[in-house]
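Here the chain labels run A, B, C and D in written order, and each chain numbers its own residues starting at 1.
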Amino acid sequence: MKLSLTIDGAEDHIEIVAPAPACRFCLGDGPERTAHVEAPEPGVYSILMDGRSYEARVEEARGGLVVVIDGYRFEIDVRDPRRWSRRTHGRRTDGVEDVTASMPGKVVRVLVGAGDAVEAGQGLVVVEAMKMQNEMKASRAGKVVAVPAKEGATVAAGEVLVTIE
Amino acid sequence: MFRKVLIANRGEIAVRVMRTLREMDIRTVAVYSDADRTSLHVRMADEAEHVGPSASAESYLRIDRILDAARKHGVDAIHPGYGFLSENADFAAACEAAGIVFIGPSAESIRMMGSKTAARRTAVGAGAPVVPGTDRGGTAEEARAFARQHGYPVLLKAVAGGGGKGMRRVDGDADLESALRNASSEAERAFHDPEVYVEKLIERPRHIEIQLLGDRHGNMVHLGERECSIQRRHQKVIEECPSPLVALHPEMRQAMGEAAIRAARAAAYYNAGTVEFLVDQDRRFYFLEMNTRLQVEHPVTELVTGLDLVKLQVEIADGARLLFRQEDIAWRGSAIECRIYAEDPDNNFLPSPGKLTRLTRPSGPGIRLDGCVYDGWTVPMEYDPLLAKLAVWAATREEAVSRMIRALREYDVGGIRTNIGFFRQILEDPEFRAGNLHTGFIDEFLARNRTPQAPPELAAVAALAAALHASANSARPEPPRATGASRWLDTGRGDLLR
Amino acid sequence: MFRKVLIANRGEIAVRVMRTLREMDIRTVAVYSDADRTSLHVRMADEAEHVGPSASAESYLRIDRILDAARKHGVDAIHPGYGFLSENADFAAACEAAGIVFIGPSAESIRMMGSKTAARRTAVGAGAPVVPGTDRGGTAEEARAFARQHGYPVLLKAVAGGGGKGMRRVDGDADLESALRNASSEAERAFHDPEVYVEKLIERPRHIEIQLLGDRHGNMVHLGERECSIQRRHQKVIEECPSPLVALHPEMRQAMGEAAIRAARAAAYYNAGTVEFLVDQDRRFYFLEMNTRLQVEHPVTELVTGLDLVKLQVEIADGARLLFRQEDIAWRGSAIECRIYAEDPDNNFLPSPGKLTRLTRPSGPGIRLDGCVYDGWTVPMEYDPLLAKLAVWAATREEAVSRMIRALREYDVGGIRTNIGFFRQILEDPEFRAGNLHTGFIDEFLARNRTPQAPPELAAVAALAAALHASANSARPEPPRATGASRWLDTGRGDLLR
Amino acid sequence: MKLSLTIDGAEDHIEIVAPAPACRFCLGDGPERTAHVEAPEPGVYSILMDGRSYEARVEEARGGLVVVIDGYRFEIDVRDPRRWSRRTHGRRTDGVEDVTASMPGKVVRVLVGAGDAVEAGQGLVVVEAMKMQNEMKASRAGKVVAVPAKEGATVAAGEVLVTIE
């Protein structure tokens, strides 16, 4: 089974030759390696390779995976033809910009309305969580085409608050 | 002794207070808001009362509702914890008026030490050194005059302030007026009081505070210092006892301790309290303020002195006399505490509330954990992000640092982001290990540090884990099993984790 | 100092040793059997090596495989933990022969102190008081002669023995011969050595032991006593420091400490070791045996002295000199440890291996937990049932007892049965609180205690919980969700837990 | 919804008038009571009733439920016409006795074979777990009709080892 990867921005691919626990795999064009893999807890992988013991903790975040091993953090996207797909956040090609919530929280102030012209850096929406207020700003000048954000509403990280074109 | 005590608080401090009360065989009454129904302090309490919606102003800050709950449950006393109503003189007075003991100082002492400027006056009167400053708010002209007299940089501070709200550094006349405007409006928003005063700014100061304990019979001792110089946005994140500086200059402990006691006596203070000092690079110390309550960071003092501050607070509130004198206090070893927050160091330290999907706590020798989280709990977005306080004790500071790093490596919280990994970087920093601390430490640390480079073989391991995880989760779901965790894993095994 | 150390053990002690090694910046190598692939000591180690199938005889007891692993991973030293090969002189010798440091005493010291009768001879030679007995096995006639001379009751013990195997109480001539037969065949089965000796039986004795620490340069100190009188089937389950008896008679600590040091010196002992004494009701103490390794219950000594015994073991093995003298040892406060076992007190304390479905650990002030379990782990049936050691520290024994009860109330292990609730009953027992301890305590406790009567309102709460649980689980399964726990709960909510 | 209960051997019944979280129920013929119930963890119920906070931990064991509240243990069977049923262990009416494993473990010795006559108290099978051996004995004299237990096999608590008639 072959999978394409992006590891901290770098393209790569991995082939799983034999499944866990007695796993064999090739990373990129490297040689075949063996690793003994167990999942003692959900999202936790105990990996024994070359006599060493590693513990990898995997979290889904922002359309990809974050893997933490002994405090080191890797952002990895895995693209599996069968299903795995990568969500995109605020990155659009059509000259339209989605301003998204940079943290989960509550919308305390909406500073613009549809049709308003905005400057780059202008504050659009204020989100509050855990007694901290965070002002989402326009990354460029433009016209507000939609304001999904409603005052008092709870939003998740990455949720679209305002759309500018 | 009290039969039943209400804890007018939430989170880790409510849990920590309940632990001691339970050990003292005193029944505990929790109060909770909508957001806290399943929070640990409610689950752990003997009794519980709902006091309003999630917003603190409608629940934990409502004196009337807290007292109604206290009367309804027939409690003898109320422990306020820290924050919320803990330094509210009116609340302390209302408790006494209701015939319920307030576990803390008198309302009068809180008034004398509550506002920074009033506290400054009290301290000056008691002969404690203070940083030169305008004791009260004033005009821009007065501020400029002061700044020119004592020289820039100066610091603007909210009179009613705390936690860095309404605080501004000013380096010259040019910035003074706008800084005053911003500071004062921020103070207005935060404390409903726009008053701002000016202070000479001490460069690269250390924050060192003295823990005090006094009974209602005039006996008072200090329990030594805590160094809290490691702060982010003026919020303490790492605290230690002893201070690495005081460890090198033991005479400082006595000098600061005596100054702190003098200031507290001037306010007829009793119960637990903390006097905060700034220490400049010539080891001169200046009275900063007094916290008229238990501190977040009290565990490091407990670990080193062997005392239970909450138990002593309760006994003192019950009228007991201190059973030890200053010369009986002994400090053993070294303790460090890290404040574990639900925040994302990789996203500008923004808050990270949400559901915990995994929780592995550090344990073993020398570890103390005061938390309020459990696996599956959803960290509410309405309150501050403190999840737990991880404290370690060891015979020496060097060993305590190594132990803390070991503990941080064992600590795993899934589902939300925390600052656990960030603390590890700080504790591995040579400057931190050397004890070269000051309140600007973290800003300098962030400026000088790149994210650590991972050993190359880890990338391969990470790639393998990610590939197995992704494919396991992409497998088509199977019929439900006993528990989802195992169902989930089985699904995985059925695919690649066979 | 060593760069890399292999831990020839499993379970909580392997984890505990690794924690100190990690704090010392020494790489750790775990060994594991088939049953332990996902055990915590393997997950926590820097390196790991498989050493055979689940049966200890095929893995953890295989000197050859352990040494192969040590060579393969290029370790400098091996820590044996307790049990398994820790008191095997041949293993210690084989390590040295392989050029690998054995973290413990010399093979010769182990030989001198390993067998009970050899240890008795050494102790007698060193002038330590011993319980009158036949130093070696002998005929039934010799046994009868001894019993008549010193008077019944007498105790039969396996020469090679330990852990109560091959032990018998005999109250008169009539039972002597059959008791000898049974004891000797049991000894044969357990230790492949049928030899049994006879000892005068001390009625209602206390088990009090002395922790020793010696370097390879002839310096030796004692770290005070531990009382381990609370035993079940001759296995310690609760240990404390200080002993409540010694606390009342401080001179005992010095007398027993000096006797222990004399006995150990006679065996040219170094590293950590423990001399066990029986204490009769007149406070006379008798040498029982010496354990030439780290004890399970070492944490209570660490909590009270502030020392890290594993760190000291490693430094001593590395050739370091003790940096303190006897007069530098200070004992602060009181510590108690409970051994948390996977066993069912409501089913005759039978073992209860299996999968943990829920794990909530006690924490907060004064709690130390040394465990090897995690939520979702399956406790293997091949090894002993020790899940964790729960230890508490407090300023006084009374506070320590209250703290332990509080900790036990917080401790929740789901999916398997444990003795957590049983410990709470013991700690609430007035005799225990009064410190009236002896090795028969638990048998008497079980004889005099009924299961505690629940407050009536609890039955209604229990019925409600059971009804909601049953109906939630009887609901027809819904499409799978992210995690089964939540799926499971949602199903429940969909029905009664809406 | 009505359910029949057996609480520590005593028959009773409970009616859930309103579901959790704001639960109303009647136990036996008692008055209607209200309780606020949440399940913060699987099998853990936080119950607020009459101003008190209770935490009930529920485990399935031997065909019924074990509920532990603050260290107090209740054995409760719930019989729900829709599904809940109670397994029976070694309790049979037909003069046949199933000798079951009193603990999970490994069968180390099988001391009888089908057709053997056994005395009351005679050892039949030895099960070992965690270094402790446990001998399962015949509760009465009879004839061995079946020996499902195999040496070396792993058995669960309550699993039938030998059948006697």
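Side notes on the structure shown:
Criterion: a residue touches a chain if its C-beta (ideal position, glycine included) is under 8 Å from a C-beta of that chain, and two chains touch if they have at least 3 such contacts.
What you are looking at is a predicted structure, and each value in this text was computed from that prediction instead of being measured.
Each of B-D and A-B has its own count of C-beta contacts, and the greater count is at A-B.
Chain centres were defined as the mean of their Cα atoms; on that basis the chain farthest from subunit C turns out to be A. Taking each chain's centre as the average of its CA atoms, subunit B and subunit D sit 47 Å apart. Centre-to-centre separation of subunit C and subunit D, using mean CA positions: 31 Å.
Taking each chain's centre as the average of its CA atoms, subunit B and subunit C sit 38 Å apart. Counting partner chains per residue, subunit B has residues 44, 357, 360, 374-376, 409, 483, 485, 488 touching two or more of them.
Residue positions 21, 41-42, 52 of subunit D are each in touch with at least two other chains.
Residues 15-16, 19-20, 22-25, 44, 299, 302, 306-308, 332-333, 357, 360-361, 363-371, 374-376, 394-395, 399, 402-403, 405-406, 409-410, 477-488 of subunit C are the ones touching subunit B in the complex. Of all residues in subunit C, only 342-344, 346-348, 350-354, 357-358, 360, 381-385, 408-409, 412, 414-415, 421, 424, 451-452, 454-455, 457-472, 474, 485, 488-489, 492-493, 495-498 touch subunit D in the complex they form. Note for the complex: subunit D touches subunit C at residues 1, 3, 5, 7, 12, 14, 16, 19-21, 23, 25, 27, 30, 33, 35, 37, 39, 41-45, 47, 49-50, 52, 54, 56-59, 65, 67-74, 76, 78, 80, 82-84, 102-106, 129-132, 134, 154. Of all residues in subunit C, only 30, 37-38, 42-49, 72-73, 374-377, 483 touch subunit A in the complex they form.
The touching residues of subunit A, counted against subunit C in their complex, run 21, 36, 38, 40-42, 46, 48, 51-53, 55.
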